[in-house]
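Here the structure comes first, spelled out in structure tokens, and everything after it is commentary.
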Amino acid sequence: MKKIPASCINQVVQPRPPESHKGTFGRVLVIGGNAQFGGAAIMAASAAVYSGAGLVSVATDPVNHTALHARLPEAMVIPYDDPELKKLIPTMDVVAIGPGLGIDELAETILTRALEAVTESQTLIIDGSAITLIADRQLMLTHAKTVWTPHQMEWQRLSGITIKAQDEHSNQQAAAKLPGTVIVKSHRTQIFTPTTSYENPLGTPAMATGGMGDTLVGILAGFTAQFGLNDAALCAAVYTHSAIAEALAKTNYVVLPSALIQQLPQYMQQAATTRA
Amino acid sequence: MKKIPASCINQVVQPRPPESHKGTFGRVLVIGGNAQFGGAAIMAASAAVYSGAGLVSVATDPVNHTALHARLPEAMVIPYDDPELKKLIPTMDVVAIGPGLGIDELAETILTRALEAVTESQTLIIDGSAITLIADRQLMLTHAKTVWTPHQMEWQRLSGITIKAQDEHSNQQAAAKLPGTVIVKSHRTQIFTPTTSYENPLGTPAMATGGMGDTLVGILAGFTAQFGLNDAALCAAVYTHSAIAEALAKTNYVVLPSALIQQLPQYMQQAATTRA
Amino acid sequence: MKKIPASCINQVVQPRPPESHKGTFGRVLVIGGNAQFGGAAIMAASAAVYSGAGLVSVATDPVNHTALHARLPEAMVIPYDDPELKKLIPTMDVVAIGPGLGIDELAETILTRALEAVTESQTLIIDGSAITLIADRQLMLTHAKTVWTPHQMEWQRLSGITIKAQDEHSNQQAAAKLPGTVIVKSHRTQIFTPTTSYENPLGTPAMATGGMGDTLVGILAGFTAQFGLNDAALCAAVYTHSAIAEALAKTNYVVLPSALIQQLPQYMQQAATTRA
Amino acid sequence: MKKIPASCINQVVQPRPPESHKGTFGRVLVIGGNAQFGGAAIMAASAAVYSGAGLVSVATDPVNHTALHARLPEAMVIPYDDPELKKLIPTMDVVAIGPGLGIDELAETILTRALEAVTESQTLIIDGSAITLIADRQLMLTHAKTVWTPHQMEWQRLSGITIKAQDEHSNQQAAAKLPGTVIVKSHRTQIFTPTTSYENPLGTPAMATGGMGDTLVGILAGFTAQFGLNDAALCAAVYTHSAIAEALAKTNYVVLPSALIQQLPQYMQQAATTRA
């Protein structure tokens, strides 16, 4: 298994083309945040905006509208049970579904609608409760380009491999049966693409706090919206997430997702202007 | 086409008169922000407050009241479908309509009411969905002093000139048919007044993110409220917007509208106390 | 008319007694903030908390609850039309009524209730719309120790003296007819106590922005809650408000109330630990 | 009575184990925040998150959901009168009940439910109105490991000892009749465990402001979630709270709970990486 090299950041995060507009940097839709877990969608959307996605929308429980806007006026918002969601999805470059979505019937309905609405040309990131739902209910999979972001317990549910037995070989085999790429989040996150695998050399226990996974989803959405869906972009997103956390962890016992998100524009600019 | 000179800032942003009160610096009303695009109105209003408008009110969907106040207690707020809006408009110096307004029937009703209520002595800034609505529905124009702030696609809708064909000559001709001044936003924003035209020498692709246009609308509102509606004030607003963004872009891969807005008071004070 | 001396700050803002608790520093109630002007109550309450009042409650339109807590979890809140208000008022040391209260029937009802409920031992600060209501409707005055904080137009309504004619002598005479102290806010704020008068030597046009008066009300509430109702405390509150604004105005073209409020704890600590 | 030694911080706040996840650092539930005192629950939850608890949930009046998420997207939230609360409680490591809960019938119902639902293996922190309710209504006590955090008036209600008579001996005797540990908050907070007692050598009158006690509850929850329920962890939490306040009080006349909470990650990292 290859280690993600530090140089992936510089390779991916390039100076922006001068003649560009917000459409150039991609449209992201985050679907998630029920009444209990609204913060998850807020953090994912914030990470997408702060990592440079051109336009970010959030489909969430209406109870989360105001908190989202109070923190992030840069995002747009619609109720996640709005039938218009089906028309909104095809206008997106990246759809990230799952952060704080929950696993009740409404969540399943929304997930099913989203899986039906996404198209082959779009990137679909499947996270959190959406993974659990797919594992439990055997939902029909999609033709979109898919990225799965389970933590180890969700990966157990999805792959059938217990956490203890999740070694490189078993994971690679199980990932190969799924469409797209699987990112198994742990203290050393691993990425399994259809052809190869990568391990994140970074990560700190200061990241072990609620919302850190949602933040990674937002960075993955922001990076694939701008830099396309490819191994380098995924590696760079995972690496960026941990590199910022490690830097903050030098002076912080716990790294809050909100604090990490704030650092994205500066970290990325350093990557764009220096060579590893 | 003249380049906007850096000196326009110093010329316009002068030290304030000692014996003044908030009325001296103008009353601004931002009309916009439906349930989906509330952030647009919040960012425009924030930019108006932070650029020094004396009093800023927002007419918006009630769902946005709380997020607005959570970010900007300095603003006042009324529901945008409140019939009182017609009485409020004539008490303003500057009305900016369009950020996040949407293009549905309610949006058209509100726009129509506003166009009827504004008077000759007021400055009316027409942005975003309001431009699209006027282009589509051929709404009756107003006698207010008008500033249009289309991005290139909105300018295509309004002028009939495709983005590719939007050169200086065609733009100037089309702008001349409209009352007031047209500011075509792009990576090199252009200003077409009834008599001449200016090009913004600044601008960075780090500005290509959702809400950046709404922020310019707020700065234009703040500047015309304080410094009057004249070429210099419009040029200074456009220049200020990009100059702050360029400064932030040195260390930020993407410049968030919220971050830009925070810098307005400092940037303007520097302009007021130094010579170009 | 005496100038407020810089030394008043050091005289008033003394190191706190070691054996104290939040009750030692006073209970403040801010009554204000209707659906349109909610920010006024938020800013007044914030200034009271940041200037050191021990406990701050806000009675406001319920639509403002969430924005208040999102900015200031340190405050407590009840609906301003809650009949319990009458029971809450007598438990307070300082009641500040008026910021954003409005002048409709509900506002009058609330003001009347408050005027009835306050007692002789309490300080009552009457601001903004509450002044206009009292001037217009000839409401029965209270036996509380009263501080009036009109701006020049509100002072005209209350005193009958036109802004132009508001000179020291006329103001002093008109103030003498009212119970308590009158603080006429302008670019050089004047304080008229029953026996003497003071002029604020500070103040900057960067303060001419919405919410600045509400902020002064909060500082007055915080200071009288901690330091008692006396000339020195009122002078120190007015001086502090302008001194912070002048400091910020060196680098800010406009001084936002939110920014001023943030500086209160540091400014006051400097006053408590240095001699003028 | 022993003074809490500065070294307790270093002893307790150790570098985190590398192979950990958010579950490693404990699940905290804050129950509190009625419609009037919502800020108390927000501050307690914030302190729990910023002191490093792995996952923090809040059961509160629904009116507080949005303000909580606007400040702290890292937390999860359910209505405090949701019958699901009984199922949620047993999944927690630490339950803190009381901040802003109130003392009405609903508060009593919720408290009774919580006391029934907690189990022997869980830590239960009882604060504020929950103490008053237990003192007044003689509610059945729980088998959870209990920490009481009364201020002096609440301790009077609970112990029957008037504030004046609250000396070391009487307090120790009264505490011994209660299950668990009693932390009597004052300008020199005292901790009474079943076998011994400690006095906090730190504390500043700048802490005498609303919300400071709620903040301590959150730190106690965060510390016991991570470091277990033991004398050292409780001492370290009390000490940390005051040590940060003393540091901030050097430059702030009043220390706002929000400001204190922000400093937790840095203060704890310093403790984890230096020796006293």
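Letters A, B, C and D name the chains as they come in the text, with residue numbers starting at 1 for each one.
The rule is simple: contacts are C-beta pairs under 8 Å (C-beta built on N, C-alpha and C of every residue); 3 or more make two chains touch, one makes a residue touch a chain.
Everything numeric in this text was worked out from a predicted model, so none of it was measured.
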item: Inter-copy rotation, chain A to chain D, in degrees (Cα atoms; steps of 5); value: 90
item: Greatest separation from chain B - chain, by CA centre; value: D
item: Self-contact between copies chain C and chain D, residue sets same or different by half; value: different
item: For chain A paired with chain D, centre-to-centre distance based on mean C-alpha positions, whole Å; value: 34
item: Rounded Å distance, chain C centre to chain D centre (Cα mean); value: 34
item: Whole-Å gap between the CA centroids of chain B and chain D; value: 48
item: Chain B residues counted as touching two or more neighbouring chains; value: 66-67, 70
item: Complex interface listing, chain B residues touching chain C; value: 13, 16-22, 24-25, 49-56, 65-70, 72-78, 264-266, 268-269, 271-272
item: Of chain B, residues touching chain A in the complex; value: 35-40, 42-43, 46, 63-64, 66-67, 70-71, 151-152, 186-187, 205-206, 208-212, 249-259
